[in-house]
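See below for the structure under consideration.
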Amino acid sequence: MNSALIPAIPFLSACILMLGWKRINRTAVSVIACGSLALSALIAVVAAVQVAQHNGAPQMLQVWNWMQVAGFRAGIDFRLDALSVVFVLVITIVGFLIHVYATAYMHDDEDYSRFFACMNLFVGAMLVLVMADNLVLLYLGWEGVGLCSYLLIGFWYKDPANGYAARKAFIVTRVGDTAMAFALFLLYQHTGTLHIQGVLQAGAQLWAKGDPAVTMIALLLLGGAVGKSAQLPLQTWLPDAMAGPTPVSALIHAATMVTAGVYLIARTHTLFELAPAAQTATAVIGGMTLVIAGVSALVQTDIKRVLAYSTVSQIGYMFLALGCGAWSAAIFHFVTHAFFKALLFMSAGAVIVALHHEQDMFKMGGLKKLLPGVFWVFLIGSASLAALPFVTAGFYSKDQIIWLAWSAAGGGTGYWITALLGALLTGMYTFRMFFLVFYGEARTHVHHRPGARMMVPLYILAVLSTVAGFVELPHTLGHVTLFSHWLLPVLPAVQVVTESAALEWTSQAVSALLSFAGIGMAYMWVMKHPQGMREFLEMPAIVWLRGCWQRGWDFDEIYDALLVRPFVFLSQINSKDLVDKIYTGLARAMEWCHNMMARTQSGILRWYIMGVVLGAVAILSVLIWRLYEI
Amino acid sequence: MDATFFIAAGIAVLATLRVITSYNIMHALLYLVVSLLAVAVVIYVYGAPFMAVLEIIIYAGAIMVLIIFFVMMLNLGLETSEHEKAWLRPRIWIIPGILCLILLGEMLFLIIQNRQPAGNIQVVEPKAVGMALFGPYIIAVELTGILLMAGIVGAYHLGRQQKKISHRFLENFEL
Amino acid sequence: MSFDDFLSLGPLITLSAAAVISMLLVAIRRNHRITYAFSLLAYLMAMTAIIPAMLFIPHTIPPLLVIDEFSLFNTGLILVSGFIILLLSYNYFEEREERKEEYYLLLLLATTGAMVLVISRHFMSLFLGLEILSISLYGLIAYLRARERSDEAGIKYLILAALSSAFLLFGMALVYAFTGHMDFNGIGDALRQTGHLPVTVMAGFAMMLIGVGFKLGIVPFHMWAPDVYEGAPLPVAAFIATISKGGMLVVLIRFYQDIHGNEYTMLWWVLAIIAVASMFAGNWLALRQENIKRILAYSSIAHMGYILVAFLSGVQTGLEAISFYLVAYFITSIGAFGVLIVMSSSVQDAETVEDYRGMFWRYPWVAVVFTAMLLSLAGIPLTAGFIGKFYIVMAGVNAHMWFLLFMLVINSVIGLYYYIRIIAMMFKLPDTGAGSVIKPALPVAGNITLMLLTALLLGLGIYPTAMMQLIQQMMKMIV
Amino acid sequence: MNMHPTTAGLLLAGILFVLGLISVLIRRNIIFMLLSVEIMLNAAGLAFVVASSHWGTADGQVMFMFILAMAAAEVSVGLALILQLYHQLRTLDSDEANRMHG
Amino acid sequence: MILLILLFILLGGALLSWIAASRSVLLSRWVALGALLADLVIILQIWIAHPAAGTQWIYSYRASWIPHFGISLHFSMDGLSLLMLVLTFFLGALAVLISWKEINTRVGFYHFNLLFVLAGITGVFLTMDLFLFYFFWEMMLIPMYFLIGIWGHENREYAANKFFIFTQAGGLLMLLSILALYFIHAANANVYTFDYFDLLHTPMQQSTARWLMLGFLVAFLVKLPAVPFHTWLPDAHTEAPTAGSVILAGLLLKTGAYGILRFVIPLFPEASQYYANLCMLLGVIGILYGGMLAYAQTDLKRLIAYTSVSHMGFVLLGAFSFNELAYQGVVVQMIAHGISTGALFIIAGTLYERIHTRNILQMGGLWAGVPMMGSAAMIFVMASLGLPGLGNFVAEFLILIGSWQASRWLTVFATIGLVVATAYSLRIMQKVFFGSYTREEQLPDLNKRELLVVVSLVIVILLLGLYPQPVLNTSQKTEQKTAYVVR
């Protein structure tokens, strides 16, 4: 089975849907869109099996020469190894589920076909991203998913706000992409290739640990990752990206695309290992993001924005793990996160549809009885997100990160405390949301109950959110290392410096406790003492703080003031092109000369004679002057 | 080079100055005749008797008479003098005057720069002039004929009084 | 006068004899058509007379005249141009003046004067040629007596021309007084012997330059040009723009060569300043001018500036460039005036830019011709003007006159503006008739002439080699 | 006085020439202008005669004759033109003849 | 000989379509289209026959023209010329198609000018004689002037004049340089010739070479256009009819880039090195400045015009980076920019035909009415912001990676230009196609003819983005640079 088909089939399907336009009926569109992903997923599974059979030996595939110039070569070349297989599987399977869900979710939309075309295009681009064998192709996928993200955020284009959100997403990630482009240039300059494996090998030989060049490269790559994965300081676009349809949020802005940064860093981990400074930066960024986003998530009113900030926060965990050198832990968290966050988004979507596109949590409530199916899956998702111990996948992945943040070679107590703080926050905001939506009194009428096409994917994901954790269990709890073992050919095992079962236990206990504490606080806050809480929240200082957090710590305002407005201002004052003034000025000067000269042509004969005499005087003067000169 | 030259030259310059400054055109013309006569004397002094005669006959005689006749024909009288008086204000002549005086200064200065060895005035007999005229310069004489023909034809065409004719676009003109 | 002299002077003699005969013809019987035909014949005969004259070149008729390739070439050029102007004149005068015959007489005389200029090698012939030309032109410029601007133009030209002649004469007198010679070679030799250049002679040259400069219409002696172009009948304006200036330029070149003018830096500088000033003044003045006759006058001032650049280069290429440029400029100017003539109605000359609005859509062929002429003036490829300008620039580069060339470039750019302004006007979509629309005469002969001129223009623009070879050969003789 | 005769003659010619020039410049009456130009031409002719006497050749005098001829032709055409202009403008003011400008 | 045929087909077509218009307007259009298609077929065949021409001279024709000056009709074709000609004929054919309905007055004269300007461009791309080059360089101005001045929009004359005067000014400076080079060569070798190959290795003093190079450079910078010589471009582009804009953006600007690659750098290698940083700086300024201006425009065509300034900055940056990667990038950029900007102009033109405004503030929400046009616009907007998979990315990536080796900081700023490009490109989509639809009337989407044009452009830009190798092969720097055969 040709693994190039994995991205090719979604692309093909996207083309068909795009060209087919409105001529293909909705059923056919659904079949094509979902079928293509199912097919891709199947092939991916087959490919994964093949990789497994060869003990993780990568499958290489050169499709055609993209560019080959003077020794520089970038091909449309794919590589399926343990790491990409994980991503491919998640993308295709979760993607398939989301597509199925979307057939129901988007059923009444007039641009049904366009939606799926973009979705398929996205999946294809994402697959290219993770399968690319060289950085240029990776960049193609990278930008491709950015494009699809743009298209889908702005899918409901009639509202200009959506368009602005889409544009913001594109431009902000583009800033990160620019950093990544610099990294590519530097890599090419130093290693003479952009082939990933070539770069990694050459890098290992070329640079000693801590070499400024590699540090620069790693930092720039980090910049790219930060942009795409909505980490500090480029996180601002993701909450706005919720303007897109919910399946889009689930697929692109939770499960897959935003984790591209994680993939990139994992993919180029050799470089990061050579650059401890960059790695530290990764960890610090991850840590800060996870707290900041968690705090923001606490105060949101829009259900999707809670999830968005939660996503930012969870990716912060992944970055923290990457920064600590816990590569496989990051990937593991990516997998579980993909499941439970997709689950949460889609169930939130189900709620939203049920409430006739109402997204404000404070207008929901009491849905436990009205939407019981959704209630249960949402509960499972929330539990997984809040990392309820033992039964949820989220627990295992997050716990691993928390533990490794302390114990790994690159870890430290500071990271550990941050991670724990994050766990507390996660519990709080997750269950604040949960309680607000499903408990209390119903404030909005339910229009529409989700059908099977929406619920079945949710059930599957709910199952996955629970069981996926069991592929990797900590030492203290069964010690299963299926996942990290699988990744070993690609990602080195984490170096644990503090190996102590007791400490690990302690850590797990603390984190579990904090999760519960978070849930408890949410319970107190929402269920028990909503009145007191409200009073507390009405205090002026708190109002301001809340507002600031709600606006994502006012990063938008800062960027607006520092970058956007100066740019717009500069371009506006120069909209008439000042350089042109030089030339119009020149033309004016010429015209002035004309007017001056025209005055000499007065038509009066004596004046003309005067000209002749002046000429005579001038010529004779020059003559006399030269006489004394010589 | 003697007093004759200086006297004649003085008269010429003074008479010319009067030509420039007089308001009455007839007076000016008469002063010009005086000036021309003085120049004829200078020419004579410079050894060109034939040219001196020609100067008197053609310039002072023919050309000036032509102009005088013309002026009389146009019947330019007192009124013109008044005009001239009005026109000859310092405002009008001061700048051109200065400019010309600068030019004069420059010209005189340049002429004085002459470093040629001084020679005596050499008399050129009319015979020599005639020999040159009808020897090497015969073509020039013929060309002068053509020149005069051009002048005559031009003057004839321009000076002719127009008949009142009924031409389709000349009707508008009052002649 | 020997037989050789006689044959060598064939064109000149033919033309002046024709003038006399046509005067007799007019005296016997006034008939426009006969006089016209006779004048055409006279030009043709004069042109044929060039052929026997070629047998004797180079032939000097001491002390006044010299007939060599250069002068014959320019004689030919003048005769052909005169012929074309004559062709274009018939209808123009037929409709405008009741006494047309003297025009031909004066035109023949003026042409004679220009021809004397190109063969002269002596102050006397220079002066006489110039005056024959000038005095005929007084008559010609004011020829249409009914037109109010004609006599004004005539009187302006007369006073200024006489004034400049006086300067020229005084300058000549100074030169003669200090060299003892009036023939160019003699002056050159005398100056060579003195070793250094006497200041007074220099002053003489400077004053002569005023007379010459007036005829060429270069700054600051250019002011008459627009008024005279505007007031004169169109064919006469064409004559002034081409033959009168060309003749003067030729004699200037000869004089400059004979006195080894390029050895005198002061003269060079004066001319360089004049060249730059002419280019700027001409182009600036034309920039927003509305009257096409005046635009052509101003443009001719600028073109004289360009020619001076080549003139100052002092290299053989420069002289070749001038000759080529003159040919191109003659064709172009006559063509442009030809268009004006053709487009003018008997009531009104088509002289404002506005008169040409949308002309392309009404008279496409004439508009194309005019466009070609204007593009040639602007120096755009496919036209002779382009090759001419190229030639000039080439000469300038050869002589490393970067500053002058830079000025030339700037001025070419300024010049573009007003040329394309006219073109743009012609190609404007015609509005619904605002203002008076001229009903052009569009005589057949005129149209054919214009076609020929255009063909010539494009021919020289696309395949200039033959003309270049001719010029090169001729220049080998003179330098 | 011991002046170089040629120089003296030329100086006189120069003075007359410039006087003529001044007159052309300051006079508005066209007849005066024509007259003044004649003065200038005459001065140039004088210069020729002076030069001729310096070299003892007839060339200058021949030239003087041509100048005379030219002046005559000039004046005749000029007067005809002035007549024409006078008919149209009813004045001899040269400043009035400024219908063309720009 | 085949090269002459290429030219003559265009010139003949020009005359024929003018004449044909008097019989039938439709015939005139078909004649013009036919001539261009014929040329396109010929050139494609040549391309197929020489897939990896590189810098080898595959065809050459030489005949004496003005031997007096050493000027000959010397045409040669190598990979670069070949690619440029493919682009020329392709865009030319599209230009005829796109003006099928737009131009209804003086159709014959219109096509005459259109084909004539294409002939001039063809000449520029083929000629190897500097005089002839200048000749064609000027020759293409006049018809372009008419195209803008007669069939343009409201302010057409101003724009046409500006265009004409700017390019002429540059051209004349180039003429000075050409002549100086000519004489310097003559002084050295005692042979007067304008032949490119003879002049290639003219030894001269560095100071002289620098001046001469500047003369050439200014002409090309004006045409390119680089800041600060760019101000003619927005006006010309805005006022020109659609086909005029397409040709201006797609082809005329390329002659400037071509001139730099073909003449400036080979003729004055050291001087180019000397000025390289300055030129690259100009390029980067162009990228950023053009981008900024584009962002501030409200006139759609003006906006696109300024994007051209920005994109051509990359050309300048790449051309003076002096390495193969950047060079090839420049070549691809020339083609990709021609396609993408041409396409954007076509879309702007078709929009103008429908809603009679170019002001983007009066648009909005058009996607609903014209989804096909919107999709096409989206593709080209993405191309213009350098999305991988579309032609411009390949070009810009190669240029940047090449220029990185030459100057890091300039490349950094150039890359930042990509962010600016994103800003202005997305602004187009935002203002034109997104938002709510406020118009009363129903807009027709692309008709078949327009669809044909747009789809062919889409295919080309995609091919260029995903499989640029044929182009890269054709433009590569092969060995034996000057060895060529006369055929």
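Just so it is clear, A, B, C, D and E label the chains in written order, and each chain counts residues from 1 on its own.
Keep in mind that, in the parts below, a contact is a pair of C-beta atoms (placed from the backbone, for glycine too) under 8 Å apart; a residue touches a chain by one contact, two chains touch by 3 or more.
By chain, UniProt protein names: D = NADH-quinone oxidoreductase subunit K.
Every value quoted in this text rests on a predicted model; they were computed, and no experiment measured them.
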Labels of chains that are neighbours to subunit A and to subunit B | C, D
Path length in the contact graph (subunit B to subunit E, fewest steps) | 2
Of all other chains, the one whose Cα centre sits farthest from subunit B = A
By count of C-beta pairs in contact, what is the leading chain pair?
-> B-D
Grab the C-alpha centre of each chain and report whichever is closest to the global C-alpha centre.
-> E
Taking each chain's centre as its mean C-alpha position, how far apart are subunit B and subunit D in Å?
-> 5
Averaged-CA centre spacing for the pair subunit D and subunit C, given as whole angstrom | 26
When centres are defined as mean Cα positions, the distance from subunit D to subunit E in whole Å is 64
Hunt down the residues of subunit E that sit against at least two other chains at once, touch-wise.
-> none
Mind pulling the subunit C residues that touch 2 or more other chains?
-> 124, 128, 131, 135, 138-139, 142, 145, 151, 154-156, 159, 163, 167, 174, 199, 202-203, 226-227, 289, 417
So which bits of subunit B are touching at least two other chains?
-> 96, 99-100, 103, 107, 110-111, 113-114, 116, 137, 140, 144, 147, 150-151, 154-158
Go ahead and list every pair of chains that touch.
-> A-B, A-C, A-D, A-E, B-C, B-D, C-D, C-E
Using the touch definition up top, name the residues of subunit D that touch subunit B in the complex.
-> 1, 3-12, 14-23, 25-29, 31-32, 34-36, 38-39, 42, 45-46, 49-50, 52-59, 61-62, 64-66, 68-77, 79-84, 86-87, 92-93
For subunit A, which residues count as touching subunit C in their complex?
-> 590-591, 593-594, 596-598, 600-601, 603, 605, 607-609, 611-612, 614-616, 618-620, 622-623, 626-627
Which residues of subunit E touch subunit A in the complex?
-> 162, 227-228, 230-231, 234, 289, 292-293, 295-298, 323-325, 328, 364-365, 367-368, 371-372, 375, 378, 382, 387-389, 393-394, 397-398, 400-401, 404-405, 411-412, 415-416, 418-419, 422-423, 426-427, 429-430, 433-437, 466-469, 472, 476-477
Would you tell me which residues of subunit B are touching subunit A in their complex?
-> 96, 99-100, 102-103, 106-107, 109-110, 113
For the complex, which residues does subunit C have touching subunit E?
-> 361, 375, 380-382, 386, 390, 393-394, 397-398, 402, 405-406, 409-410, 412-413, 416-417, 420-421, 424, 427-429, 463-465, 468-469, 472
